[in-house]
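Paired with chain B in one complex and with chain C in the other, chain A is shared by the two complexes that follow.
Up next, the complex of A and B:
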């Protein structure tokens, strides 16, 4: 008999709560724009904030209200922009998706350390401790603040002590660039064309050559040789204007330390390790 | 007295036997001194008018000062010509403006360095002025300007002066030697402080591992009614201000408060001697006792060194470094600062130069926290080091502040005991810096 009471009581309670929830759902319902939901579904959902809004939801709202552009989602790229534009019946505008580029090739085989650092693993903290453990005060410390910041697993610290960007995975959100205390990572439009000076040091040439085998020594050879006048010296560091660069490659030939590379030929981790092996056999 | 113990703390290997029996000897003034313009907590100094390259200065001449109250002037430690004024490496890590003087080996004192007259006639204000003008800072290592500590706000009544002879840092023996060799000066300096503050009594706290110093000081205070010697348990960080006051007076400095809130002012034995020299002879602070020790030093010693002497010159006098020297520290091993090289001057706060070889240096790979709470047990101010460090690691500085990170005085006990080798103290320092930055805004 008891079991029947129990089943009846629970059944009745269930029914009552069910009715209450059904009513609540009807009377307290929050009106949502189905379009916002649809746009949100098209977004990557990483809440990275690269669009300038708090997260994917607020970006979706902004797009639907017309405040944000359809191509505002940087990680989503062209595909997402197209999907959103179709949903909203707006014109498709392609987005220039950037990619993270590391402006330092002074790996642990080409630079010297001042001392052994065994403290907190954080680039900012280590950089503030006696100006960082690297002789170069501008170069990458390789402790991985950028790796920690990346939401897409697109960056790692290689065995040569420098960040390696996986171009396929990089969505261009720019979180790594923001996380880098030495602003070594810069966001550039995706592509293979154009040459870059892969150095971040504003020290004078003498100081740089003591600290790093491949740092920009501010000799101005590239500035003089460039037929397009695309290279300027900014505070002891050569900077190439990608818009003007025609990929003639004359600067690469002239650069004494070898700091300039075409964007499709940026030194890789394997090359750095091969260089280290070569150096080891030479000294042995 | 002496039976009181503070909670927490550690018992590291002290290694004081290396230099404890070595009398302080005077190091010959070097040919060049580099005198940084920031050697104290507070406003940095600026060179005085007329102090520029090529000018001759005399020993003890004031060369830099600041208008800030929390500051201490800086004096030439040799007589000679100013070679350069510019940034130079500093023990604190980043280059600081410094005056480089090339000695002419005349050792000529400035005319202003003379006894101020009848000491009994000096008022507390006169004493403070003399101490400020002599550029005296806390010589235990914190380098807080001494005259500031002797100028409490009028509503705070100071009744007790505690003199720190604990010297709880391993390896260091500078204060130990000062107590053995200058007991009379210490007592005299203490009496001057008592006079400047209008206090009633003085206590000298000394750790029990310096039995000879305790007996020397006890003899020296015999006949002094209001001065006592308190033998203390040997335990690090016994010489920290708050610990020392607790065990010598039984009073607890409140969180975020200062010793003067509970009627106490605390000074190091070296500072007491410096005050005596300033008041009796008019001598500014241009030299200090430094312990040069460690497994990497060929000839360890306790030396009286001119401020501005390069650490490399000091090491050379001590027979140089051993080949397998791995680590160079200014100060003691617990709270001292690891240095990338020896090209920096000895400053007013340099209590020791410590060189360690491979056998004493352990480069640890840190691993995750295992929640053993050893750091919590060791913390002498009863914080939760692991929680603060974790908050700092995740940029939760508000949380770190709520966990009283600002009460940490960076003694290093937590890092010392951590079995996972987590750099806890460094994380807490990061948190403190961020909290201070946020509160400034």
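Up next, the complex of A and C:
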């Protein structure tokens, strides 16, 4: 008899709760567009926010409602844009995928430190402490806020103390650029063409040359030599307009500290380490 | 009145559910990494714990006791808590999508939070009255929140601290939890029911 009571009581309770929940689900049903789910499945799902929406699901909603473009997902690139466009029956618009570029080549062998920093491993904190431990107040501190920010494991701090971007892995979401307190990382359209002044310092020439072997000293030699007038001085720093640059390479020859590089020849970690080894044998 | 006040004090500090009774250690360690999520989880737990105790107490007193089925309490309470969490999720999704998104995965996770079960079971075992049970549930959940929020605050600071490799991550978290628990031991014996 006891077992019947027990089974009946539990069964009844379960049934009651079940019915109640079913009613509640019907009553409080939320209409979700199946298309939103389908679009969401096509997205990388990293929730990086590069599209300008809160996450992948809110971007999916925006695309379906027509508010966002099909190529709005930057990490997804062309493939995702194509897939979404096919799903929604819209035209494919290709996206120019940007890539993170580090505008500082003052690695720890070419720059001077003001003092030994032994604090929190965070660029922002270190940069706010007496203007950072590097003599250059604009250069990369190499503590890796950008590395922390990257969701795709595409950036790391090399042994020379500067961030190294893995172009293959970089999706162009721009999280590292946002994370850099000194705005050293900039997002540029992917490609090998065009020259860049790899310096971020707006200090006067004399100050720069004391702080860094390879910083832009604002001598204007490149501005004078450029046949396309693609280089302008902005607040003691030469800036090259990538649209106008024809890759003639004249500025590279003229630059006294050697700050200008073609985009496919940006100094690598290995080069920096080789330079350090050379310097060490020289001083010995 | 005096009993209610002492229940509140006892179950927030003296018999803190996480730090003295060691219930709900999983969410305590799992969601205490960020203050934001810790507060979200705390809010959800306060709500579910109070609601669950309310329903289970009524069920126990008016169904299980009259039919002599008190040995079924664990099974029934599980049923109640699971359906309640489900209900909260459905309702919340409709009424406040923002809060629903904010709580995210923590809402369903509460189903498996043993602290919720413990409150329901202890309320009937201690033979609390209806009002006392509800106050007990609120106090216990506030105690849970207190522990979670203190832990989140400490862990946010620990993130920035440099420490030896062996201590990093869960090691230092467990040590912190132990020290916190020791600190709460100081309340022991201040009040008893």
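The working rule: the second predicted complex is superposed on the first by the 255 of 284 C-alpha atoms of A that agree within 3 Å, B and C clash if a C-alpha of one lies under 4 Å from a C-alpha of the other, contacts with A are read in each partner's own complex, and residues count from 1 in each chain.
As a convention for this text, a residue touches a chain if its C-beta (ideal position, glycine included) is under 8 Å from a C-beta of that chain, and two chains touch if they have at least 3 such contacts.
Bear in mind the structure is a predicted one, so any value in this text is a computation, not a measurement.
*Asks:* Have a look at where A:21 lands relative to chain B and chain C in the superposition and call it first, second, both or neither.
*Replies:* second
*Asks:* Looking at chain A, does chain C or chain B touch more of its residues?
*Replies:* C
*Asks:* After the superposition on A, what does A:129 contact: first (chain B), second (chain C), both or neither?
*Replies:* first
*Asks:* Go through the superposed model and pick first if A:115 touches only chain B, second if only chain C, both, or neither.
*Replies:* After superposing on A, A:115 lies in contact with chain B but is clear of chain C.
*Asks:* In the overlaid three-chain picture, which partner chain does A:30 touch, first (chain B) or second (chain C), both, or neither?
*Replies:* Only chain C; A:30 stays clear of chain B.
*Asks:* Tell me the contact category for A:262 with respect to chain B and chain C: first, second, both or neither.
*Replies:* It touches nothing on chain B or chain C.
*Asks:* State which residues of chain A lie in both footprints, the one left by chain B and the one left by chain C.
*Replies:* Common to the two interfaces on chain A: residues 120-122.
*Asks:* Under the definition above, what is the set of chain A residues touching chain C in their complex?
*Replies:* 2, 5-6, 9-10, 13-14, 17-18, 20-21, 24-25, 28-30, 120-122
*Asks:* Across the complex, what residues on chain A touch chain B?
*Replies:* On the chain A side, the touching residues are 114-116, 118-122, 125, 129-131.
*Asks:* For the complex, which residues does chain B have touching chain A?
*Replies:* Of all residues in chain B, those touching chain A are 93-94, 338-341, 363-364, 366, 393, 423, 426-427, 430.
*Asks:* Could you pull out which chain C residues touch chain A in their complex?
*Replies:* For this pair, the touching residues of chain C are 59, 63-64, 67-69, 72, 75-76, 79-80, 83, 86-87, 90-91, 93-95, 97, 160-162.
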